[in-house]
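What follows is chain A paired twice: with chain B in the first complex and chain C in the second.
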Partner chain A sequence: MNAANPTNPTNPALTPPADRDPAWWPRVFWCSAALVLLWPLMVATEFKPWVLLEASSLRVSGRFIGSFFPPALDAEFLTLVARDTWRTVAIATAGITLAWVIAVPLTLLSTRVLSISALSGRMATLPFVARQAVRWLLIVLRSVPELVWALIFVRVVGLGPTSGVLAIALTYGGMLGKVYAEILESGEPLATQTLLRNGSGRMQAFFYALLPGSSAELVSYTVYRWECAIRSSVVLGFVGAGGLGQQLDNAMKMFNGGEVATLLLVFMALVALADRVSALLRKGLA
Partner chain B sequence: MDLELQGANARHPAARAGSVPALHGVSLRVAAGEQLAVIGPSGSGKTTLLHVLGAALPPQTGQLRLSGQDPWVLPRAALQRLRGQLFLAPQVPPLPPRQRVVTAVLAGRLPAQSLLSSLRSLLYPSDIPAAFSALEQFDLGDKLFERVDRLSGGERQRVGLARALLAPARLWLVDEPLSSLDPARAQQALNALTAGARERGVTLVTTLHQVDAALAHFPRIVGLRDGEVAFDLPAGQVTPERLARLYMQHEDELTGAAPSFATSVAQAADEVPEPVVMHCR
Partner chain C sequence: MAGLLALVVSSFWSLDLQWAQFFSAEAAASMGRFVGEFFPPDLSPAFLRKVGVGMAETLAMSLLGTLLAVVGGLALALPASKGQQLLRAPTRAVLNALRSIPELVWAALLLISAGLGPFAGTVALALHTTGVLGRLFAESIENAPAGPAFALRAQGAGTLQVFFYATLPQVLPQVMSYTLYRWENNIRAAAVLGVVGAGGLGQLLAFHMGLFHMAKTATILAAMLLLVALVDSLSYAWRRGLTR
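Coming up: the complex of A and B.
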């Protein structure tokens, strides 16, 4: 049986298939390589999760989490929370609106599908340079974390929600601009190309072909960003930008577990609300 | 609009640099108001020819003249104005799935509209009667306010054709208008196109897979094979021998039904773009 076809041993169709998966060794190699590369990263971050399980750590976290119950529900605190919830939503909404105002023109300038010269071969030099410049501007805007923008603006305009709004607007403007452009370019380009080829203007092609093709994705991403902005405005509250974050900062510093618990519950409610809004809007546009 | 193409070589922009050009040495002269059909086996360069004629694809060598004007020497704004006089209909109907039919059809008017009036038309359709009568030519009047993604592949294709009737164009270049239509609808669509072009004095160039339909509806037939013009004759002189030579080794396309693109059209339209990864940071 060792020679299945002794008369024609070179015929490739008759040689038995290899009995081992040729992809096995590369797989083993890349998995081990990934582990070897991860090791120095664990060392660099001093990643020692077992510290959490030591008796003293367990005692400290147990006491803090235990103090969450019961959550603080007295009327005075709840009115405070209600006012600051409203302020947080306002910071996030105003910030995302301003970010949208920044992002939309930059998106339109940087979207490749709306290039007329790229319709027939390569994009012309000037539009190419302009699109690249806008992309770099978006990178600059979003590469500075909103916390850093907030620290800058707190110095300029003083403590309060204004610096939070401005910080969210700049960072999120950069993010929205980038992702909007990616959403628009990942859609089906034929409708847009056809309108441009038939002599429409870029903005006409945008409103009649590109936008209806991706509106649901754009809306759902924007609502998701609004949800991120709510969470982010909490962090900004820690540096004095007002809202629920400032309350949370106070409660944490006072080790007032009941208040922390109430505030966290409010956050969860807000995020769940954003989730519902996004689902409803997507359903309406689908 | 009259057009003249001389010794054009062209290749799709995505083609590899060393590959054989889709068109070589194609010359064609079409008088204003003329109607002609381009036939030929798959891959013979019909679509590329339409793109070259429609100033969508610059020929590598050779020259295109539209009404005596070479579009590729014009500055971009003037080229866009000239393109406003052309109507190039791709084979797959270029309609956003979530758009309403009335908007999709009125989009044919865009080159003649200012940005402001086209935006107003999105709020309230600017010329509902015109859109209705254009659709009625293709027996689709009842679909006026439907959404595109509720239509069948054949209905979408006819909506794409109805757009031509509203375009301010002097030259219609229609790629495979019948690819997802049944014979009766195909007959009707060709009648609507040829009659509409005649009424408006528009020049009409279509590519067709259905040889019988081409011979029945068009006075002039251009046979394209391997990127070259095999013949350019009045329909009466296109003999079965010529057709047999044109479709040599592709006889199934000549005798059998044309390959149906209906399924691929429907798939392309239903395809949802990949979800974009949404990360917070």
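Coming up: the complex of A and C.
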């Protein structure tokens, strides 16, 4: 009798399905949590978007953006931009080369695959501590933002590309060292272990067993970091390391919108070009 | 290969780097003196309180910037994914433009409208990260299996409903993972954005370094490293929680 009565259903098969979203409760909870978290964050960062829309602010921004057109295209400025573009690329290339010089010995010292004591199963204490120490060094090199390194070096060697090159070398040396070690460890260890067990030296094992297998990935990552270094070197120009960044900083301080527009366009073209070259190199060398 | 060598050699040659100046004995002595000024770092309670405020400001900048970027990225990722023929190219162009300009350049540009302080830094981080996350989210949406979305569309659900109830739950783990990765990156960026005036630890750093207060600078640098380590470990713990 109850099975056929829709107003008093006791048979679950005849109960109409609930009309609400089954994931309703977690969604509402997380959205509310985000909103509750949002308020102190907005206070702490002085987040007042209406400031952007105030009349005085709009006037200044409008004038600045308006001065972007036409972009500055006179020959003298373009020669300057071309020279600074080359300087940016040169700073990035020199920085990555030095980073590579720093990273290679640190990688060889820190990678577990070349450990002779680990062949018997568990690494001995002294080699383990030594390898951890090298890893900590790489972490410190990597964690200090390159802008901070550049600020410090500008105080020591003065303005100019040297501080930019050194800042990139130290930070990217840390990054390259860590990822090289990870790439080496993620490969196939059998060939290396066989060579080490049969008495070959560590460098021989590295060159004949470890390197051939991982060289493609190593090269690919290095080229990717070179492309990142070009972007970094523009940022470093803001603190005096020369190149496009310094020109951009100068142009912005003088509110010269035309020059800023040209420089931004050149920068975006440079990044796109480096991206293309990087993809070609990775396909060709790997 | 030869071209590569030529590039490297010409880079070093054209830059006229002052190696002699850097590696001479007097340079080493002055560097030694310079490094010596960092220790002992300034640990007075008044200054530590200021550094604490700076750390909170930097953390808030990175959190809010990343949150805004997630919303913006999700909003732009749907038009930028393969299903939308008309909007795909312009949205991708917008995302690429947002992405290729570094955060520092955005911050310097926004200082003109937003004034000094962490607001410019937050918006700069949000804009740049929207570009990065938008592209990553669009690729996740394109790679998501089409089954659930197709089932909902076959029942007559609209585009937004299909997105919220079929696509979004599928890509949510990847969205969280990318967001945590960008947060780790943004805390480093937030720390240095202050150098152009965008508030937080960076502004303190630039201020005290300009006045050669090296002991205070050492404290600020230690605070930066601590903040980065904190965010890295929080992100790692969250990731472990997600994939359990």
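Simple rule for what comes next: the second predicted complex is superposed on the first by the 217 of 286 C-alpha atoms of A that agree within 3 Å, B and C clash if a C-alpha of one lies under 4 Å from a C-alpha of the other, contacts with A are read in each partner's own complex, and residues count from 1 in each chain.
As a convention for this text, a residue touches a chain if its C-beta (ideal position, glycine included) is under 8 Å from a C-beta of that chain, and two chains touch if they have at least 3 such contacts.
Keep in mind the model is a prediction, meaning the values are calculated, not measured.
Colleague: Which partner chains sit in contact with A:Tyr224 here, chain B, chain C, both or neither? Use first/second/both/neither.
Modeller: First partner only.
Colleague: Could you tell me if A:Ser32 is touching chain B, chain C, both of them or neither one (first, second, both, neither)?
Modeller: A:Ser32 contacts neither chain B nor chain C.
Colleague: Touch check for A:Gln132: first (chain B), second (chain C), both, or neither?
Modeller: neither
Colleague: After superposition on the shared chain, which partner residues are touched by A:Ala90: those of chain B (first), chain C (second), both, or neither?
Modeller: Second partner only, chain C.
Colleague: In the superposed arrangement, which partner chain does A:Val179 touch: chain B (first), chain C (second), both, or neither?
Modeller: First partner only, chain B.
Colleague: Classify the contacts of A:Val148 with the two partner chains as first (chain B alone), second (chain C alone), both, or neither.
Modeller: Touch status of A:Val148: second partner only.
Colleague: Who contacts more of chain A, chain B or chain C?
Modeller: C
Colleague: On the A-aligned overlay, A:Gly213 touches which partner chain: chain B = first, chain C = second, or both, or neither?
Modeller: After superposition on chain A, A:Gly213 lies in contact with chain B alone.
Colleague: Taking the stated contact definition, name every residue in chain A that is touched by chain B in one complex and by chain C in the other, in rising order.
Modeller: Common interface on chain A, chain B vs chain C: 231.
Colleague: Spell out the part of chain C that touches chain A in their complex, as residue ranges.
Modeller: 7-8, 10-12, 14-18, 21-22, 27, 30-31, 34, 56-57, 60-61, 63-64, 67, 97, 100-102, 104-105, 108-109, 112-115, 117-119, 121-122, 165, 169, 188-189, 191-192, 195-196, 199, 205-206, 209, 212, 221, 224-225, 228-229
Colleague: Which residues of chain A touch chain B in their complex?
Modeller: 116-117, 119-121, 124, 179, 182-183, 186-188, 190-191, 193-195, 197-201, 203-205, 207-209, 212-217, 221, 224, 228, 231, 285-286
Colleague: What residues of chain B sit close enough to touch chain A in their complex?
Modeller: 13, 54-58, 76, 80-90, 92, 94-99, 103, 107-108, 110-111, 113, 115, 118-119, 122, 167, 169, 268, 271, 273-276, 278, 280
Colleague: Chain C touches which residues of chain A in the complex?
Modeller: 21, 23, 34, 37-38, 40-42, 44-48, 51-52, 57, 60-61, 64, 86-87, 89-91, 93-94, 97, 140, 143-145, 147-148, 151-152, 155-158, 160-162, 165, 231, 234-235, 238-239, 248-249, 252, 255, 260, 264, 267-268, 271-272
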